[in-house]
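What follows is a set of structures to go through.
The same chain A turns up in both complexes below, where it pairs with chain B and then with chain C.
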Partner chain A sequence: MADVATGPQIPISVDFSGGLEMLFSNQKRHALSIAANDRDGKPLTIAFLIDHLCKNLMKDPRSDLFVLDGHIRPGILVLINDADWELEGEEEYEIKPGDNILFVSTLHGG
Partner chain B sequence: MAPALCAICKTARALIKRPKNHAKLCKGCFITIFEDEVHHTITSSGLFFPGEKVAIGASGGKDSTVLASVLKTLNERHGYGLDLVLLSIDEGIKGYRDDSLETVKRNAVQYEMPLKVVGYDELYGWTMDQVVETIGKKGNCTYCGVFRRQALDRGAKMLGIKHVVTGHNADDVAETVLMNLLRGDLPRLSRSTSIVTGNNSSEVKRSKPLKYSYEKEIVLYAHHKKLDYFSTECIYSPEAFRGSARSLIKQLERVRPSAILDIVRSGEDMARLVPGQKASSCECKGKTAAPVAAEEEGDIGGCSSTNGRSPGGEMAAMDKQLRENEEHEGLEIDVTKLKLNEARKDVKEESVPIRVANGAEKATGGQVLGTCKRCGYMSSQEICQACTLLEGLNKNRPKIQI
Partner chain C sequence: MTNRDHPTPQEGPNGANGHSEGRDRRLTEEEFERYSRQMIVPGVGREGQLRLIYSRVLIIGAGGLGCPAAQYVAGAGVGTIGIIDGDVVEISNLHRQVGHATSRLGMKKVGSLIAHLRDINPLPTYVPYTVPITPSNAADIISNYDLVMDCTDNPATRYLISDICVLLCKPLVSAASVQKSGQLIVLNCPPTPQGRIDGKYAPCYRCCFKKPPPPSSMVSCGEAGIVGPVVGLMGVAQAGEAIKILISSLHLPPSTPPSSTPPPDTENQNLIQPTLLIYTYDLSSGIGPYSFRALKMSPRKKTCFACGEDSPSRLTLEGIKSGTPNYEQFCSLPTPKHNLPAEERITASAYNEKRQKGEIGAHVLIDTREKEHFSFGSIDGAVNVPFGRLLMKAAEIKRGGGDGKGVLPEGVDGKSESEDVPIFVVCRRGLDSQEAVEKLKELGVDKGGKRRIMDIVGGMKAWKEEVDPSFPFV
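Take a look at the complex of A and B:
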């Protein structure tokens, strides 16, 4: 998955809940190792991670349930180390080693 | 960027940004303010009385789980004196409801509340699986929704309970307001905005204590309190219309988070303009206004239907009702204004007569609850929706089985 990268890898954990785990092999927590820089040498951002997850981790073809028009689908909350991503710069946040990113859907019923 | 500090305690790191006012709060302060606001909703609308038996409509999903948790907390903290029971409906959908019912069973243990499960099969003779087998997937949500609403009433009645609370949140209400606006269904819009539905003539009243709580905050509350809830999508396709209204709401929220509560408030303001409707959020006023409207509605007959027809004879009765309404509004204005001023300081003089001026033409009477002639449960029609749907289903059953 991170085979295109040549630079250093950083370990992160990505969690899915609120029904999103259905799109990711019904697994809540994924421990990932991911390139610290993208192909242009820029630091790894949440925007890049979301794209990466869609291309590499999602097993379900319904990617529009996760991403809409190139951005996270409205109604899905993103928590970075338990903090609302709106407090952390949203897509621009630069991921650090050991970060936990949680995607939780508010869209599913019970 | 440097981590922001909580706007309330100024010490802990902010983890939540509130959609309604952009306040940055830490986990502890967020949980407290979320509970305090639900408490405020409950007390300001006089939702409960001490010693009341209340059934929580519990699906195992985020909303009803948060509702059960918050009500338990507030009941103990503020001494409401409520006798809380979990009431679950089993629609009879294999592979969907079984799992969420397991969650409700765990909740019953966690919150030390008795649990009652009522099945569609025992109530109606049909499981949703059988309904879908008969009518197909298209439109089955209508059946399910109609059956569920009455199932909660019937379940409550079995338990001798006269009050059911549901986990409907601000997003749900905003969505319903938009849908009824798009349909041009003002009476239903009006009814959907009130925090309590069902009046003195109905056996079971329903209320939504989370009416002003954002779905986002409900999910965050559940997350930070580590509540045990179940999320799944019904295996029968979700209703397309509701889905698109939902998407619209969520997209609006992304651009302007306050939009959701603003739609709820707009809905309430529109509801106040519907003849025969009590003002939005305070049930104590409704107790005087509702019976009058109900009696008059009896003469008018079918005027609560949604197709906007207006036979001549109804005009006089409508006029009378409108006048009565204005009188009631006159009596109620103090309290209403107080409430409005509290919410929005820049409120202008209320202009109730605007709707009245052209209201008589369209005969949009408030929906009034009576009882179904067939099953005796509350209904605004002679035969309730559930019985109407069942009639159709039962006619089809032999055909399908041959």
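Take a look at the complex of A and C:
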């Protein structure tokens, strides 16, 4: 567990694949430590994480390639510990320590 | 004419519609020798081989996925193999499309691939379709086969194929690959009638990928490039899945189990637990623990447009044939278009002419292509500022509240700021350059209109077409 002075922090890993890594410094895996609760004291959800990634981790300004209208853009799959997030409650899923969140963009070429 | 467009594969070794009649026969001497190495694999045997011989597989797309897939499907002895593609063989295909050859450049891909497959195995019946698959011909073609392999390269076709497979109860082995990534998933297997939601059933393409990505975020192999073995691996894996499904009769509806050797439970479980395999290839590191990932996908969705609740009222074969849904429209949702006013644009030929005549004089020429593209050649004096880097730099400046100084690399601009020489921007095909012009203006690089910033219409593609035919455009 990461000991961070600013309060309880959750260590997680976030992966990008299928070209999305381009938006995140060309790095496929990011080890992060983020606050366990949001400002209102509510548990950390995927929705909050997505917002956090846009604001803090994405160096590329083309955020519309990741988020559209406040939600993950069509054509991106979100996997929570290698399972489709739809099996886990989508944006409402509450992140637990050690979780791996994977964002993959759907490919069409061949 | 229609016969040529839609040949029916029913003249093949399976006889009329190929069901059960004569299926329990002795293998010929050639079949026995040719297939012996795969037949002795536990679980295959003579029975499995006969199932392959009496199966009909449709491969849609004879490119980077379709070529390797077809080689193994043909080698394994699948009795009837249909191949659809409207394209011809180009030299830029050959690093990955291993079913074609330098000696067959310019030939229809379907003919080229079938020539190669006959060389591997002359026994199957090969059925060529040299037209692209469309909403009007898809159902007629697919209805002749037991299993479909999606080896295409665009989302509109992928949704169309999946919808038809749902309606006709065909299993679909789907793969895709671009640049350094690949994906593979088996869909609609075992097939379940459209609209049934009273249990856990296999998903269709729309269950997994509800909406297509906006066109602006999509890249093709032509634009982003593709590593041969990455797409090859996906095609080979597709063949592996197809062969497995046919040998084990996994594609038959669960209500009619094969007469003997029912598939083991584990395989059944895997069918009900749909899995998306992703392969990530990294040029700068070795194969690692995350090079392959098997992702757990959801089963058939109640809300799915194509196979979910009440779907028969939304999606029918007749509807598709007459244009509903509209696949092209579904996959090309409106995206912001850049249309600079004419006074901010110059054609490649006009730029060249004015430059030759000295009418342009001192100026800055920015080339926003990726550095790999730039490395093959550029217009004399062009400075490479990749589009992504330009946007990132612009965003950084905006956040810091600075002005446009420094958005362009040092030494290119800013040294003699007072000169205000015009800036020309060129990209690959003429879209990024327009956005770059807008960005530079937004940052005030145009000094409120005092400094000219121009887009070169059509990018380096136009430069090759209008000015320098020998330019190495990729």
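We adopt the following convention: the second predicted complex is superposed on the first by the 99 of 110 C-alpha atoms of A that agree within 3 Å, B and C clash if a C-alpha of one lies under 4 Å from a C-alpha of the other, contacts with A are read in each partner's own complex, and residues count from 1 in each chain.
Here, contacts are C-beta pairs under 8 Å (C-beta built on N, C-alpha and C of every residue); 3 or more make two chains touch, one makes a residue touch a chain.
For clarity, every value in this text was computed on a predicted model and none was experimentally measured.
J.: Chain A superposed: clash or fit between chain B and chain C?
T.: Verdict on chain A: clash between chain B and chain C.
J.: Just checking: does A:R29 make contact with chain B only, chain C only, both, or neither of them? Give me first, second, both or neither.
T.: Second partner only, chain C.
J.: Let me test your reading of the model: by the given contact rule, A:L107 touches which partner, first (chain B), second (chain C), both or neither?
T.: So A:L107 meets both chain B and chain C here.
J.: For A:L77 in the superposed arrangement: first (chain B), second (chain C), both or neither?
T.: both
J.: If you stack the two complexes on chain A, which partner ends up touching A:P8: first (chain B), second (chain C), both, or neither?
T.: A:P8 sits against neither chain B nor chain C.
J.: Going by the touch definition up top, name the partner, chain B or chain C, that contacts more of chain A.
T.: Per-residue touch count on chain A favours C.
J.: So, A:G18: does it touch chain B (first), chain C (second), both, or neither?
T.: both
J.: In the superposed arrangement, does A:G41 touch chain B (first), chain C (second), both or neither?
T.: Once the two structures are laid over each other on A, A:G41 reaches no partner at all.
J.: Report for A:P61: first if it touches chain B alone, second if chain C alone, otherwise both or neither.
T.: So A:P61 only meets chain C here.
J.: Would you sort A:E86 into first (chain B), second (chain C), both or neither based on which partner it touches?
T.: both
J.: Where on chain A do the contacts with chain B and the contacts with chain C coincide?
T.: Shared contact residues on chain A (touching chain B in one complex, chain C in the other): 17-19, 22, 73-75, 77, 79, 82-84, 86-87, 102, 104-110.
J.: How about chain B: which of its residues touch chain A in the complex?
T.: Residue list for chain B touching chain A: 1, 3-4, 13-17, 24, 27, 59-65, 100, 103, 171, 215-216, 218-220, 223-224, 229-234, 246-247, 250-251, 253-254.
J.: Within their complex, state which residues of chain A touch chain B.
T.: Within the complex, chain A touches chain B at residues 17-19, 22, 73-75, 77, 79, 82-84, 86-89, 102, 104-110.
J.: Mind listing the chain A positions that touch chain C in their complex?
T.: For this pair, the touching residues of chain A are 15, 17-19, 22, 28-29, 59-62, 65, 68, 73-77, 79, 82-84, 86-87, 102, 104-110.
J.: Over in the complex, which chain C residues touch chain A? Could you list them?
T.: Contacts found on chain C: 61, 63-66, 150-155, 158, 175-179, 181-183, 208-214, 216-221, 224, 226, 231, 234, 276, 278, 280, 282, 290, 293-298, 301, 388, 391-392, 394-395.
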